[in-house]
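There are structures below to look over.
Next come two complexes, and both contain subunit A; in the first it sits with subunit B, in the second with subunit C.
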Partner chain A sequence: MGVNRRKFLKIAGVSTLGVAAKPAADALAIEWLDKKLGGFTVPETLYHLFHKPEGFTPGEALIAKRWAMVVNMKQMDEEIAQACIDACHRVHNVPEIDNPKHEIKWMWHDDYEHVFPGQQHEHIDENSKKLPFLVMCNHCYNPPCCRVCPTKATFKRKSDGIVMMDMHRCIGCRFCMAACPFGARSFNWIIPWPRAEEGGLVRGFEGKEPPTPEYPTRVKGVVEKCNFCAERLAKGKIPACVEACQELCKKKGKEPALVFGDLEDPDSEVRQVLRSNYTIRRKPELGSNPNVYYIV
Partner chain B sequence: MYDGGKIIAGIIIGLALLTFPIWYTSGRAAPKPEVKLPVKEKECVQPGPYMKKKHMQVLDLWRDSVVRVQQRSYVAFNGKEYDMSLQNTCMSADCHAKKSEFCDRCHNYTGVVPYCWDCHIPPKEKPEEKH
Partner chain C sequence: MLEKAFVGGRKYWILIACLLGLIGLGFIMWLWQFRVGLGITGMSRDVSWGFYIGQFTYLVGVAAAGVMVVLPYYLHHYKAFGRITILAEFMAIGAVTMCLLFILVDLGNPVRMINVLLHPTPRSVLFWDMIVLNGYLFLNIFIGWNVLMGERKGSPPPKWIKPFIYLSIPWAISIHTVTAYLYAGLPGRGFWLTAIMAPRFLSSAFCAGPALLLLLCLIVRKTTKFDPGKEQIRTLGSIITYALILNVFFFVCELFTVFYSQIPGHMHHFHYLFFGHEGHANQLVPLMWLAFACMTAAIILLVPPVTRKNEGILTVACVLVLIGTWIDKGFGLVVGGFVPNPLERITEYWPTTPEVLITLGVWATGFLVISLLYKVATSVKVEVGA
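Entry: the complex of A and B
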């Protein structure tokens, strides 16, 4: 039995409607649908229907609507910046690679003129010229990296606004690196932690071992970046850099140079700091709406 | 048919060579892989037969839950709660502490090479116990 013209047109019409439903809903900005789907696309929703995650958020987890960080440059110095970077890179098994073309960084420091290129002028004050501005992923409210990712390996987490990387999905196309205006992403050009093989089987590591065996390493060909310590937040701990920074600042008798908290909560520490200080953000003119603020 | 004898002989030899793996091992199955089950923990997150069949789906669910929907606790069939983590829960010291005595046994037997361990760090094993 063949398909006659009438039946074919019916099927074609219904299929077109089905395919067009999600873009049409997006275009019309039907908020309730977006909320219903939890920020996921229709295929993703269907996937979740059949692959129901049976878990739940652990009780000890730190929960927020929108995580944000404030970097207080009035308290920052080289030593504190380095302590933050070391803590971050140790906790996340970020390899130390000497070749700058291959290097991986989740967090680093740079000069004022590179961090705030739009604000730079030749008569900038001496102090700002010398200060190590701590930079990392800005966890933008409107992340350009997530828009360009073809596999949704990088995505903004609906629950708390963290821009996450799903290493299982990353295909290493590096669109996100091109899209990120802050250079916050690093590509693994070489195997970050070479495995030692023996008789065709992987037997531990070759040479250096990753410092934190609880956290996975990465593989050659994926992009990585700061994840606002999502794995620590789930355990009820603040990000490693903030923890290291606050410890060191306390030792030095300074106010904490890094403050972390919920931007949506008017009583949170970040909101209090933002209320009482003048803050700037990196490249706000691009409209990505960064969630990392700087007190200069 | 020219050279019929040679052709038929060739076909027979060819077929014999092709089917060599089948008749050579017929009646003698390779020894079944034996996984070493943990001594301390008696129950997994799901019943054993289910895990045998479906551990890959369970792990797939886990990774999606953890990375994408921020749900890191799993309620096992017996009501116990587990942190969804291949590296820190499945391979913890009380459970499958040795990759070579658990994962590798079946995976090597069936020629399956999952890429879990390209990134995840298997628990350390002493060199002499590796084989």
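Entry: the complex of A and C
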């Protein structure tokens, strides 16, 4: 059994605290501790006790080494896709902007030929042609957007691979938008949720309120995108799109069209689905290594 | 020395007043953009860089081209260029000033600009671009000013300035190489993903920059008592010719790889720029053809020595070079890279009036800097009887 840094810290933490007498604590003890601490190491837990990030509950948080999503197009339809998009945009206060040039979208759907350009051909079956392929940030394992950001305002979170945005650091240079091979990023060309005194600056927005007060709205001039619902994972909830999707699929008597889980856990639902279905990813030849898979 | 910039005739002050007027107008428009957002421009979710970044890219080239005068003079002791190195360096200062301003007006959050220094990120090419551009600005101010001071006192430039001059030569190459790397390393953009991007940038810079310098020299000759010289202008003409031919040759290399390999992701952009999309010509199509018509015409005018050595024809050729390279690099290059988008959908781009006015304001700022510095330089030259 290989001992990685995480496990080593865990063991080291445990032994210093004297919670377990033997440093070579057996796998069971570690699992028990995992459950108790929500997967964080003892030093990490101690750190959280003193520097408690807002809205973060160590015991409840969903954790993974590498979050991934599978979009099952065999179960997907327009209604389900729209439900996912609506849920996402509602919980993240993504404004509805009529002008397509200024549009902000974290999640949307498009045809096969546009989602998988270069893989389409003229004799493709009618069904695949019509399917609404759900697209979002791929949370690439090797993200080109993070490589180009001059301030590290967008970065891959070390603990679970989510490609995050620091909206307070972004200078709005839009280099990440040029670098993203999937068009997953949106820029706030106008003030997204104008305050009363700014209302006159953006037509059509007067009096509209962001639907989810707990989630921060953005200012103009920053880039935003899907964050795999990092704020919900921290509270032990699955991503909003996955939740909405699973509810609707259950109602329709379908298998879930979105599956979310830890790619590095061989027993996770994601891994089970990947094991038993042929899956593809968008533009794999670019080497960005997307963490969103599609069953067609 | 700076006081010389504030002594001038009627025409000089009219020029300064016009430039200040344009700057004022641009600044007011920028204040509006600052308040409302970059939505007042023609840019969009799909074409997320536009006119501003195009001008920035073009002007980095103009700035780098100063080296085409500095290098022959300092490395090959080509004495004739000694008369105009200061003009090349001062033009570079104006050009880099514009580059920095274009980045500033393009930022969504200019007040957070200092984050680039607070969180230095060497893996980002933009970080290096910031270093090389500011470094180049500093080098040119430092070298230009000191050499001119020496000239005024009738003494050769101080010895310790030499290392800085030698450093400025590779530094000039670096600013345009790094700027090309902003584009050439992005995996999903077939139009920019080409190893010949930096050579193309340099070749277009080394024809556009000297072409602008040549025109400025002619203006200086006409409006001041200082004559940059016949031989100097002729040599600049030869440099422009070589660089222009190289630029078109590199473009042909690009076309060959793209159209012989027939990889769709690379071909689409060229199709869009030169033929439009699905039979619908966009506003860019005539512009792109105009650009290459200008460059071809310029080659025809520049290659035969008879026409090249005729200053009137040379002037026309320089204007053609400037128009051609400006459309190609200041417009087509940036927009063409974004259309079609990564999902192969088409979003058109055309700059809006406020966007154009802000752009003009920045250009006016650059030309104000160049005018003031040229006034100083030519006054000193006349004073010492050069």
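We take it that the second predicted complex is superposed on the first by the 230 of 296 C-alpha atoms of A that agree within 3 Å, B and C clash if a C-alpha of one lies under 4 Å from a C-alpha of the other, contacts with A are read in each partner's own complex, and residues count from 1 in each chain.
We take it that contacts are C-beta pairs under 8 Å (C-beta built on N, C-alpha and C of every residue); 3 or more make two chains touch, one makes a residue touch a chain.
As the structure is a prediction and not an experimental result, all values here were calculated from the model.
J.: Quick check on the superposed pair: does A:Asp110 touch subunit B, subunit C, both, or neither? Answer first, second, both or neither.
T.: The second partner, subunit C, only.
J.: With the two structures laid over each other on chain A, which partner does A:Ile171 touch: subunit B (first), subunit C (second), both, or neither?
T.: Once the two structures are laid over each other on A, A:Ile171 reaches subunit C alone.
J.: With both structures superposed, pick whichever of subunit B and subunit C touches the larger number of subunit A residues.
T.: Ranking subunit B and subunit C by residues of subunit A touched puts C first.
J.: Quick check for you: in the superposed arrangement, does A:Ala61 touch first (subunit B), second (subunit C), both or neither?
T.: first
J.: If you stack the two complexes on chain A, which partner ends up touching A:Tyr141: first (subunit B), second (subunit C), both, or neither?
T.: Neither partner.
J.: Following superposition on chain A, which residues of subunit A contact subunit B and also contact subunit C?
T.: Residues 201-202, 219 of subunit A touch both subunit B and subunit C.
J.: Within their complex, state which residues of subunit C touch subunit A.
T.: 35-39, 43-46, 48-49, 103, 106-110, 112-113, 115-116, 118-119, 121, 123-127, 130, 182-183, 185-189, 264-265, 337-338, 341-345, 347
J.: Considering only the defined contacts, which subunit B positions touch subunit A in the complex?
T.: Per the touch definition, subunit B meets subunit A at residues 57, 60-75, 83-84, 87-88, 100, 104, 108, 115, 117-125, 130.
J.: Under the definition above, what is the set of subunit A residues touching subunit C in their complex?
T.: For subunit A paired with subunit C, touching residues are 100-104, 110, 113-115, 117-118, 135, 144, 147-153, 169-175, 177-183, 186-191, 201-202, 219-223, 283, 286-288.
J.: If we count contacts the way the header does, which residues on subunit A are in touch with subunit B in the complex?
T.: Within the complex, subunit A contacts subunit B at residues 51-59, 61, 155, 157, 159-160, 164, 166-168, 195, 198, 201-204, 210, 213-214, 216-219, 230, 234.
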